[in-house]
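So that you can tell them apart, the chains are marked A, B and C in the order they are listed, and the count of residues begins at 1 in each.
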Amino acid sequence: MNGNLFSPKPTKNNSHSNFGNLNGYFKQKLHSISPSSLADMSQSWVSWNEKFVDGRYGKLSRTTRIKCSSFEVGNKFHLKDVIEAQQFDRVTLSAIFEVALEMEKIEKNSVGCQILKGYLMATLFYEPSTRTRLSFESAMKRLGGEVLTTENAREFSSAAKGETLEDTIRTVEGYSDIIVMRHFESGAARRAAVTASIPIINAGDGPGQHPTQALLDVYTIQREIGKIDGIKVGLVGDLVYGRTVRSLAYLLAKYEDVKIYFVSPEVVKMKDDIKDYLTSKGVEWEESADLKEVASKCDVLYQTRIQRERFGERIDLYEEARGMYIVDQNILNVMQKHAVVMHPLPRLDEITINVDVDPRAAYFRQAKNGLYIRMALLKLLLLGW
Amino acid sequence: MNGNLFSPKPTKNNSHSNFGNLNGYFKQKLHSISPSSLADMSQSWVSWNEKFVDGRYGKLSRTTRIKCSSFEVGNKFHLKDVIEAQQFDRVTLSAIFEVALEMEKIEKNSVGCQILKGYLMATLFYEPSTRTRLSFESAMKRLGGEVLTTENAREFSSAAKGETLEDTIRTVEGYSDIIVMRHFESGAARRAAVTASIPIINAGDGPGQHPTQALLDVYTIQREIGKIDGIKVGLVGDLVYGRTVRSLAYLLAKYEDVKIYFVSPEVVKMKDDIKDYLTSKGVEWEESADLKEVASKCDVLYQTRIQRERFGERIDLYEEARGMYIVDQNILNVMQKHAVVMHPLPRLDEITINVDVDPRAAYFRQAKNGLYIRMALLKLLLLGW
Amino acid sequence: MNGNLFSPKPTKNNSHSNFGNLNGYFKQKLHSISPSSLADMSQSWVSWNEKFVDGRYGKLSRTTRIKCSSFEVGNKFHLKDVIEAQQFDRVTLSAIFEVALEMEKIEKNSVGCQILKGYLMATLFYEPSTRTRLSFESAMKRLGGEVLTTENAREFSSAAKGETLEDTIRTVEGYSDIIVMRHFESGAARRAAVTASIPIINAGDGPGQHPTQALLDVYTIQREIGKIDGIKVGLVGDLVYGRTVRSLAYLLAKYEDVKIYFVSPEVVKMKDDIKDYLTSKGVEWEESADLKEVASKCDVLYQTRIQRERFGERIDLYEEARGMYIVDQNILNVMQKHAVVMHPLPRLDEITINVDVDPRAAYFRQAKNGLYIRMALLKLLLLGW
């Protein structure tokens, strides 16, 4: 961690040279393919990535967890973009979490931290998300970096003007060193990453992915419970539209002996794709209608908001669903001493306000962990391990 | 001023420890009370605050005005939040003005000033106010600090999502060191301050308070006239909806031998609450319909804009009111040489453009003083005296 | 270049003293005149400016082009505002381009560049233009400067509140060191410059000027072709509403032996004013309907977007016009090896995507050059040559 953390900025010409010729070739190839074959490409991209990661960390994993400096060996691995939760295997997650832990220390004495001085991050938001944007911009500035902000990026590629996302990315990459992008279309972040020669972080692309949220959720479990293997997690509330619980379930499947409980109103039940995936990975799961019983067994109770906007005209269904599973003092009373309540925020009344003062209420700490995870990712994408 | 101004950043863990156990206790208590009892709490908060301030400055006031360094004694006093004009007594005002004067020097040679380096200010604006926001952001950056901006903070707590202000504050305080907040609801700033563990500055909360405007107004009088005791002030224009004149009248009552003239159309006359308050404090005031005569007597002629938006359908009343008292060359002709014209801006035609070139036109200097006052407050809230 | 580039920030009191008494007098005079006589003033301002520039560069031009340091002589010349393309003669253009070339080097190793540290740029945008704004803000931050952003500056001077542009400028100049302004009204930038005591850069004022775009276009020709004298340029597409081609034509007239081809649908043909101007300056031009033939002769093919918003209800005319002249592989096939395709962006399908991979596709490099030109202008306006 130490030496490398303060290493000089790589010159922009060779900032991706860490990937070696293989990547150069790969990137070039991507440039010349048609959009219709992107699905295939992404498949091979992921597997290539995983192979590469495994190849490196398979060797290193025995010695790695003791000293962060082991990540510096030859500086050969390089996190290139953050596009989807699936791109991370558990060894990479563990490595990111170690850097995030470093970031907690840095933030507490942030006055002197200038490791990203001279770097410029563009927040290219095609739909506003103040919370996510502020979190990323705080992360960048806590590390001494600078920010270009836009929350009305739709104007760039408006129907009226009709510029493609690819053209916008090619322009903005000329003005910045890294792009944090939020988009209304699933897959937009991947398209941006294929185009850009600088790193792209997906800060949510429509119904698609929001990988930094998934990372901060797992990081919070690690920090609060001390481990992820062997834990019991209750996922509560909107399990069909809430992309956070879906991503979280996916990531939890990478750990050992995890047990997942689904507690949700009938209209927003977890879909079969995730259930089948968990089964295929040997993750035990069950559905329950008894929040109290689940709460008494869980290490983590992950509550979510029922999203009114998903119900359209059926306000009656929304009202019925939202009141069904509330985390309140009664639930706290049956929870174990070491267990925690999490929530991606914003919350309405699905967690009552009096829960906030209980030490097991972890959701504001969870929000803060978003800062550390984003600091870690910015550091890793711009400076490497 | 000197040494302390450049003291190292307090670690965030104990940045409020200056308040000692008393405050810790007080803050905790506030956290566990219901919103309905907030009115009472705020009462006791104010009186506690005033007592505390008086207790300290009662002792110091005899020696204070000579050297700013006397504020450093033990670093025991700490400005915690800026919520309302009423929280400042005249000794505190005087101390803030001394710091603002220092800031004038710093701004003129700002290239080197980095006293707030590493600090992050969030401008959380629930309604846009570009002028106020730029002034605060300039102040922060002139001192080497950094800024997270949002002008669409309503999205945070939109009806659709329904997050409480308190939850928003708990999230944003994790990303920043100080929050400058503008809100559409009276009392919002106080609620934020009760919730936050970092300083809150009220940049206007609806029909409520806009304390930094009040401070810069008094500071401008001090700078332009050289004193506040014994001055004659004409408050002109919209005295009912204009919160600046109301706050200014309130603050002027803290000084000796001040005489206030109210000059306004019948529909926007000063209300009895301020008149009664002034009377109770022994401040002489009178109403007048003769702007020329008032202008000839005053040290300060404080003109304000008649706000069209307050008149709804009654455009006729607005048109009648707005043309009634105009500061023009005729008014300047009767004013004393040392007197000044002030205005909170923006102005329409209630001061004619040809007045601008007169040295007694102080309103743009007044706007600039807003920068110095905000620099001073940021310095005081983050670093102490 | 060297020494002066890193010279200390001039104190703000005398930052414009480079203009000497003449300018002080001139500025004062401008302040006391009525808006109605502005047209005349601007006339005399331009001719004064040109005389001044010519006076200086007439003397220097023999020795200048070799060493940039020759611009430092006595530091007597000072770029004050950037309002319109016409204010630059070719010697000034050449000097700006030399600084832009320096900026290319600085940007590539930007981590250490702090020449504008302590300077604050306000981006005062009365209409959003994310691309232009990000480019300016990136330029400022690449040089170590700071930025105050507003994209909703209309609020400042909204009909509801009715503040004049002049009052807004007088306020914002108190918070910043330079103002980059985009406005919806032609002539707004000049009005701002007349009012302000700090430099103003016009980032587009309605149908009026967008001088930094014009500068980056000429700079791109210089960088791509290596010279401007003697080149052949094809201007293609919307030649009536596209202010970029109009400004470019104007600037090209300052060079020797330039030949211009106009290729456009009948409804958006180049107007007579520019044609007459070119003729008066001895610039050869012709209109053509044969893009392929023009492409085969040109050094620069400058394509533009047909702007749908200009056609109102006549979508049929728009559709007819937009498909008429497309730069595609067929056009590339006849172009010379050293020639380039330029475009101000955003582009729709007037240049097909497969052109992008050809080395002669210069439009993204052109966008990047916007960064260097703006870095150069910020440096020149704030620090001098």
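Heads up, the rule we're going with is that contacts are C-beta pairs under 8 Å (C-beta built on N, C-alpha and C of every residue); 3 or more make two chains touch, one makes a residue touch a chain.
Chain-to-protein mapping (UniProt): A, B, C = aspartate carbamoyltransferase.
These figures come from a predicted structure and were not determined experimentally.
> Once chain B is fitted to chain C on CA atoms, what angle does the rotation have, in steps of 5 degrees?
The two chains, chain B and chain C, differ by a rotation of 120 degrees.
> Counting shared numbers against all numbers at the contact of chain A and chain B, is it over half, same, or under half, different?
Here the answer is different, because the shared fraction of interface numbers falls below one half.
> Averaged over CA atoms, how far is the centre of chain A from the centre of chain B? Could you give it in whole Å?
Here the centre of chain B sits 41 Å away from the centre of chain A.
> Counting only residues that touch at least two other chains, what does the list for chain B look like?
Each of 149 in chain B touches at least two other chains.
> Write out the stretch or stretches of chain B touching chain A in their complex.
Going by the criterion above, the answer is residues 8-9, 11-13, 31-32, 117-120, 122, 146, 148-150, 152-153, 155-157, 160-163, 167-168, 170-172, 174-176.
> Under the touch definition given earlier, write down the residues of chain B that touch chain C in their complex.
It is residues 108-113, 128, 130-131, 133-135, 137-138, 141-142, 149, 151, 305, 308-309, 345-348, 357, 364, 367-368, 371 of chain B that touch chain C.
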